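Below: a set of structures, written as structure tokens.
In the two complexes that follow, subunit A is the common piece, with subunit B as its partner first and subunit C second.
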Partner chain A sequence: MASLVIDNVKKRYGNTSVLKGIDIAIEAGEFLILVGPSGCGKSTLMNAIAGLEDVTEGRILIDDQDVTFSSPKDRDIAMVFQSYALYPNMTVAENIAFGLEMRKVPKTEREQEVQRVAELLQISHLLNRKPSQLSGGQRQRVAMGRALARRPQLYLFDEPLSNLDAKLRVEMRTEIKKLHQKLKTTIVYVTHDQIEAMTLADRIAVMKDGEVQQLGTPQEIYDNPANLFVAGFMGSPAMNFIPAKVIESGNTIMLELTTNTIETPTTINTIETPTRLPFPNAESLQSHIGKEVLLGLRPEMITEPQPHKAGLEFTVNSHVNVDVVEPMGADTMMITRIGNNEVNCRCHPSYNMVVGATCEVMFDTSKAVAFDIESGQRLD
Partner chain B sequence: MTNVSLSTRPQKSMVATSLRIALYTVLLSVAALYLLPFAIMLITSLKDVEEIRTGTLLSLPSTLDFSAWGKAWSSACTGSTCDGIAPFFTNSFQIVVPAVIISTVLGALNGYVLSMWKFRGSEIFFAALLIGCFIPFQVILLPMARTLGWLGIANTTSGLVFVHVVYGIAFTTLFFRNFYQAIPSELVKAARLDGAGFFTIFRRIILPLSTPIIVVTIIWQFTQIWNDFLFGVAFSGFDTQPVTVALNNLVNTSFGGKEYNVDMAAAIMAALPTLIVYVLAGKYFVRGLTAGAVKG
Partner chain C sequence: MITKNAPRFTLADWLPKLVMAPTVVVTLVCMYGYMIWTGVLSLTNSRMLPSYDFVGLSQYERLFNNDRWLVALANLGLFGGLFIGICLCLGVILAIFLDQKIRNEGAIRTIYLYPMAISFIVTGTAWKWLLNPTNGLEKMMIDLGFEQFTFDWLVNPDKVVYCLVIAAVWQASGFIMALFLAGLRGVDGDLIKAAQLDGAGTFTTYRRIVLPSLKPVFFSALVILAHIAIKSFDLVAALTNGGPGYSSDLPANFMYAHTFTRSQIGLGSASAIVMLGCVLAILIPYLYSELRGQRHD
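So, the complex of A and B:
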């Protein structure tokens, strides 16, 4: 297993910059996930690591060796592609053995290795089939088998699960995680699925427009997003962004937001109720007193009033209108509006919410974050 | 409700049947129209000269007389020699076989590079190559004659092979490039990471997928080169003439009366190889031409 250092890597096509100086370093055995919307440069970065595309500037080091200008075969990397890229004219066994054959491994050793990998991935019964005779999940396994057979220093996964149906995707996700725990391999994994990123990664690099927006553990990224983009990208449903005014009340700085409630179901008069919320890192908002900011609050932090949290430092109860109710089994998502923004609240299924009426919710701001409305940067 | 449907059903099927009859009538008559010239050639080749003069085009021969075929093959006069078209068959094969093989191999390599190993300007290169498909034969006659002379292969079989390879590369490259365009480039990426080189990837991964397009290219090139007359007549020497040129000479050489039966027999024989290639590989031709047009 090897460490990987990406040192100020830039990639330009003519005048368009696809990678604008990427710096990432991961330890041997680490599972790094590159995540971001399409066109953010994550696949280009992957190809650059593999050596399939040249970089314009910067260095790539695998196990402290500079491989920036090495050809793909000399980097000792294996890659699993989104389309699996199995050789259609070869059987599963030949597919798995091809890399070994190219590296002049003797036949008997190749056969042993194919057996080992096939048992590991439970595809022993498929070895004599052609890729066209396999289902999507089986092809996926064969593609992983082909990568595992060579025991390379570094594994690259390019959206390996995105061609599978939802159920299989979850199964294979767990399988990949188990495999990583068992083999302790260094993995770089590209996905646009933020749940895959959260569940699999040791560390996540969130990318946008050719730049790493934030690099951190899944929990760091979830709890402490560096900017509005990262906050909105990770988590499902996404973090709520609520316009709020920074005010000084007594000695403490608080956030004031306005919830609309309908007085009775028969009238259309709305009552604007100002709600004042405490903020954990309030001093950092000092310079914004009197201005509007965006309050970032995860859906699970707006719930039905919970008795055990009542009276805590960062909990405040308020009333909101119920616009939509979406039961999800374990929770019920309630959607309301605060200001002009839709807000998701994660409530207990037994909590009584009637569409069109008001209900009481509890805001828990202990993990709240605040962003600048213009720049989208974190303020606290 | 049931009454209505019962009464309309026979009517409906009657319309369908008459449409079907009309369709088959049209198809059969068009097929007959296409087959008629060949039928006349066949009938005429089996008659003797006397019968041709007295009978009509479509009247059947009174006896099956294959002597015209024998004469056309081995003793009819083509210009100053009288050995039939047999020696020119050999000439044609000596031109066609290497020209087809070389142009197909080069086309496959070109197509492989232009679709899987794109380089700066490769699209422009391909577009320029495509223009080669649209250059009329006559335009290159003089420059090609000079080139062949300069290369020292004028009037030789190798010279004709060279001309056909050069002229064929545009087409074969187009065929292979478009076929390979539909093969995911990730196959090549995967093979490169597996440690395979340029030619290994071509031989082990790309070529095994190419059977349909190889068949298409071979049929196309075989037909084009076998049927070529202009290059044959312009660039061949006296003893390297292809069969198309010999056929022309045979028809134009006459002592006394025209031997239509010999002409027809020779023409059928000259056309036979391309016909056989079509019959043997025709299904691949249709399949290969449509392959890649629709994905999946």
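So, the complex of A and C:
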């Protein structure tokens, strides 16, 4: 177990900058997830931590030791690859023991270690098979076993679940989480799957274009995204971005949604009074009075009217057009349109919504955030 | 409305069969037909012209009592072993070096591969000049001032087989390199990274991880080289013409000499059948493993 410090790491290939100064520090035993779209530099960063690629600038410290220029084998790191990278000509047991053999561990100890790991991962019955005789999930377990056998200071997981089918992926995700809770190891885990990131991480680093956009706990990232990119990347369905105007009403600052013209066969062109939403931390929008901002509101914050929340400080009821209804079992997603943006609302399955008609929804802005339209930065 | 589609044989239906027919006929007659004929002749006492006086296996008995044939077989063993071994080693080493993301790889690859494009006759002739003591390598070294330098392998009956090996290795090792290079390119880069993280050095990584995964390439290369070695005829003809004496004869040269120039068709046929046996001894296990491999994967 060791802490990991990544200090202003930069990586350039010729003129293209892949990592533009990454600063991350995690404690021993922490589970860090690097998440971001493809090409954001997360795999490069992982290779840099492993020592498979040299960094152009900056330092990497494992357990307070500067390993920036150490070779991979001297960093005491184990890695689980997306392709598993099991040695095809060796049996499962030999695969698991190879790292120990290279480190000149005596044979009897190696065998004990293989047994321990095999029992931990429930692959004891597979030890004499070749990787080609295993299923995807079994290969995944063997790959993890190979990493665990050496008891390294730091584990790296490079999109380990992306080659598995959906059901197995969820199972293995839970398994990895259990394993981390049991072994309390330091893990750096790369994924592009934001659900994996949310469920597994102690801390998440959201990356884009070679920069860390935000580093924080899953809940921080979810509730307090630093910018539009992070807000849109984390969460499924994604956070709603609703164009709204900052207005001063009485002595409070409110957000006024773009006026919706609600057309139904019975009421022709009923123009409602524009919906005005209260905003927590409203003073921070002082400088934007009169301007448009993007209101960020998670789908679960736009629901059917809920009696127990009625009359609270940050709830407002309003009518919207129902464009699409998507039942998901536990909830029903209703999609409407405010301004030019589609808005997802998470409603109770029993709530009556008819496509083409209007329905009443409750906006709960207690956790709302606001972004600058141009720069995408958080305003509040 | 019902249109009656009588089975009509159009040209398009027949064309593939027509195109293939000459090849099939030629293969059947010229390969398998003559193979069987040779087998039959090896059991007769044919001399200048084929005769059908069957004498059982006595031609084989004569063959294995013939000094020249035994020299040819021993030469094949020595030549084949060295040629295959050195080609494989050189091919693997060159391929590994070429796989280190070097510049101008395409040009270097072509240079190494190029000898394969010329015939063994040309190779043999060129190396005959290079190895000739009076105007080749030896003369060059003496002209450079190394008065004591001798390199007379080409005219030394004990060493002449090594000359064959040098020329044949020069020709074929580039091709083996290309085979292994293709194999190396197919190795998952993550495997090498994993081995590095596991603490294996470059040498160990290649020895334990990369080369074992190239087993099919090894096998293909071995079969290709083995049958080049067994059927070698033109190289010997051009480089040494079997000499000095018959000290650098290979079975193919023995076969040619007895069948076509020394009026010993029966004996020549017997030697040809022994060579066929050698080729089959290599090919059948290869085909067996290939076909079995396909069933498993």
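Annotations
In this section, the second predicted complex is superposed on the first by the 367 of 380 C-alpha atoms of A that agree within 3 Å, B and C clash if a C-alpha of one lies under 4 Å from a C-alpha of the other, contacts with A are read in each partner's own complex, and residues count from 1 in each chain.
Criterion: contacts are C-beta pairs under 8 Å (C-beta built on N, C-alpha and C of every residue); 3 or more make two chains touch, one makes a residue touch a chain.
All values reported here derive from a predicted model rather than from experimental measurement.
Taken together through their common subunit A, the two structures put subunit B and subunit C in a clash. By the touch criterion defined above, A:351 reaches neither subunit B nor subunit C.
Using the contact criterion defined above for the overlaid structures, shared-chain residue A:103 touches subunit B and also reaches subunit C. Using the contact criterion defined above for the overlaid structures, shared-chain residue A:73 touches subunit B and also reaches subunit C. Contacts of A:81 after superposition on the shared chain: both subunit B and subunit C are touched. Of the two partner chains placed around the shared chain by superposition, neither subunit B nor subunit C is touched by A:314.
Of the residues of subunit A, those at positions 47, 50, 52, 71-73, 77-79, 81-83, 85, 87-89, 98-99, 102-103, 146, 150 touch subunit B in one of the two structures and subunit C in the other. Of all residues in subunit A, only 47, 50, 52, 71-73, 77-79, 81-83, 85, 87-89, 98-99, 102-103, 146, 150 touch subunit B in the complex they form.
Chain contact summary for the complex, subunit C toward subunit A: residues 188, 190-191, 193-200, 204, 208-209, 212-213, 215, 297.
Across the complex, subunit A meets subunit C through its residues 47, 50, 52, 71-73, 77-79, 81-85, 87-89, 98-99, 102-103, 132, 146, 150. In the complex of the two chains, the subunit B residues touching subunit A come out as 184, 186-187, 189-196, 200, 204-205, 208-209.
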